[in-house]
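What follows is chain A paired twice: with chain B in the first complex and chain C in the second.
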Partner chain A sequence: MPNAILDPTGATRLQKKAAAPRAARRASLAGARVGLLINTKQNARPFLEEVGRILVEDHGAVITARHTKLNFAAPESQEVIKDLAAEAEVIVTGVGDCGSCSAAAAADSVVLEAAGVPVAAIITESFRTTVEKMAELRGAADFKYATTAHPVAVLTDEQVKARAASVIGDVIALVTDPSAAA
Partner chain B sequence: MTTEPPVLGDAPLADPAEVRRAMEYYAEKGWTDGLPVVPVTDSYLKEFLATTSRDPAEVLIPMPHINKHLTVRLAAINAALAGCLPEYFPVVVAAWEAFRADGMVTRSIWQSTTGTAPFIVINGPVRTRIGVNCRGNVFGSGFRANATIARAIRLGAINGLGLKPHVLDQATQGTPAKYMCCIGENEEDSPWSPLHADYGFAAADSAVAATVIRSVLHVEARHSTAPEQLAFDFADSLCRTGALVRPLAAGYIVLNPEHARLCDRAGWSKADLRQAVYELGVKRYGELRRAGKEAISSGTHWRVPIEHPEALPQDVLDDEAPVRLIDTPEAVHIVVAGAPNAGVSSIVETFTRLEGPPAIAKVEERP
Partner chain C sequence: MSQDGPQDLKDALQPLRDVLTGDGYDLDWALSPANTVAVKVIAGPDACADCLVPQPLMAAILSDSLSATPYELESIELPADSQHA
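So, the complex of A and B:
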């Protein structure tokens, strides 16, 4: 006798994640305490350090936290997120240039945003789909992030600096809102 | 003029439109690995769940970061979908347990560009009970238990864990082993103790070893006459530069019975072969340099060229200087499988060097 086919994904049994809150934006980065969440992928550190240098020298920010992920493939623990939220008002993270680390960057970003910290995640163009899927799973379907061309891992020091300079506008736009009260 | 092929007297009647309707439904939902699946209803699921004492709600693989948990129930639905018979299900459960103990799946390895496949080795009496192939064509195809137990893991990953290719599974190329890489050890034709017995299980237990692998390499050594020659071939294959993303090499040697007997006749144990492969597990610095893998990155500890911005400072060595790539005999595991009919073995390249023994789980026996 015919019977209904079962769903092999378990989707119907899962609670839909509530929409994740997004942090309030600052009007500018002048005086802002900025943290770097470095995922250890090749060239991630020099890339984020250069972004940080430009934010400090050209936009008046202060770097107050640097955290290196122990496992680039996994989202950070609640303790790390709590520490970062205490130490910084804005986080820049990346560089998502692989499957698991890009998804993890999206997950970290959504959690940090919910903790009240605006985030600029930098991802290479190749990993848009997985970032957006992860953000959606985390309740942030409209997640915004900065992209740079793939790959980053093979760039020289000079090329990394040029790339960092080229995403600065997007990074600032992601974490600020000029109409916000200063 | 056309003639209808003869109808076999014992062939069941089928309604092709109805069969197609179910098949296409699964395909449209994206609930397959590309091949047709077996429709699973509640009554069929119950037959699978009846083979285990596990609670259907028990979590076999927790993946909280993607809001997914593979339960016994989901593992069973996907095993049925894969074409397993209900009596295979305790082996599938043991495989998932071994993957959890192995630790790479829960650490997001199946979201990675590496594109690793599940690799499963089955030992013990369950092999003969459910018809696991341990002999010729051991890597496939043609054997239902091997094919569908492996597929139960892939469908569990795609459906149960939501790791869909192009979306959360970002494998650059993947590997054909993702379709099927489940072997039985040919314990009957092996001169040595079986894998599970080397790690504390009784030979009369049934057990499943599991890990994630990059590839399966063919090693032709039909005319080798000494175990030293085999050890060289295996070490050379394990240490190929293309396998090196991490600093060290590691893997399984899936030894055919003829090679195992050659070793045994020369008085070599499994431990002797592992030791010999370990001792030969070096490459020349110049070979690593030519492949751009002579240095180690400060961030990921992966192999990079010495001029990479993140390369850790190191001495530039003479091109002839040896660099050790197999750092312990324990980086190499040995399983005997295949037909005793030619000197053809394989290297199974694991994702990374396993710390400690391989992950092995016992298959539940119900009285």
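So, the complex of A and C:
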């Protein structure tokens, strides 16, 4: 059945919001409590686990939270966001390799940032438009994220590890500010 | 509906078509004499039913896509088995 849209901006259900706050950054990840928000897309778990392993072994972070989304297409509940913000100082989430999961990753990121937690969302190149529009609608027009080539779902274990290693620099840059007070 | 029409309309919709391709979808559309565009999202054989963005977000992206053209979004039709249909 056709879905007629009365307001082409979608504003009746998804209005643009005022500028969303962005969390303060740490100078480095040494000693940082890091959480992984895993969206259940194929290869998302091994991808994020490898990112986490590198952050721990090479950058001194500690993984203190792992949360697996129940629905990759939907933003997390306020309760989950609150728990993540209590358990981790930094969140890495992904992998956004479809329209709805990329949009949900952006929505989760904006809320976590507002809760004071810097986020590195990992999205495949194909879904830049989706992420940026969702972030804009959530009040974060300058939302920044890490990208990797599309697709991720079909990669082998070794390819996933290589991809994870390739985004580490971007992940760290997203959640730290070297000029911040240590 | 079809994928025909003025070149500027086709050019404006192409970026979203590229995005949708990643999830196994494409677009058809119909342009009215009043320059309004009815858009239909077409599911391919391997389309991911849960992967389409919510309709309001799709509308926002489409409206942005058309903002530099003389055309306005009239409606969107999603596949019947889409999570958001």
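In the analysis below, the second predicted complex is superposed on the first by the 166 of 182 C-alpha atoms of A that agree within 3 Å, B and C clash if a C-alpha of one lies under 4 Å from a C-alpha of the other, contacts with A are read in each partner's own complex, and residues count from 1 in each chain.
Going forward, contacts are C-beta pairs under 8 Å (C-beta built on N, C-alpha and C of every residue); 3 or more make two chains touch, one makes a residue touch a chain.
In this text, all values refer to a predicted model and were calculated from it rather than measured experimentally.
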Touch test for A:46: chain B only (first), chain C only (second), both, or neither? first
Taking the superposition on A as described, I'd like to know which of chain B and chain C A:151 touches: first, second, both or neither. second
Look at A:137 in the shared chain and tell me whether it touches chain B only, chain C only, both, or neither; answer first, second, both or neither. both
Could you look at A:110 and tell me whether it touches chain B, chain C, both or neither (first, second, both, neither)? neither
One more residue to check, A:72. First (chain B), second (chain C), both or neither? both
Going by the touch definition up top, name the partner, chain B or chain C, that contacts more of chain A. B
Touching A:127 in the superposition: chain B (first), chain C (second), both, neither? both
Which partner does A:98 reach: the first (chain B), the second (chain C), both, or neither? both
Now for A:54: first (chain B), second (chain C), both, or neither, which partner does it touch? neither
Where chain B and chain C land on the same part of chain A: residues 3-5, 7-10, 14, 72-73, 98-100, 103, 127, 129-130, 133-134, 137
Chain A partner contacts - residues on chain C that touch it in the complex: 15-16, 18-23, 48, 50-64, 72-78, 80, 83, 85
Chain B contacts chain A in the complex at 22, 25-26, 31, 39-43, 45, 65-69, 71, 73-74, 77-78, 81, 107-109, 111-113, 155, 159-160, 162, 166-171, 297-300, 302, 304, 308-310
Hey, which residues of chain A end up touching chain C in the complex? 1-5, 7-14, 72-73, 97-101, 103, 124, 126-127, 129-130, 133-134, 137, 150-151
Flag every residue of chain A that touches chain B in the complex, lowest number first. 3-10, 14, 17, 38, 40-46, 68, 71-75, 98-100, 102-104, 107, 127, 129-130, 133-134, 137-138, 155-157, 160
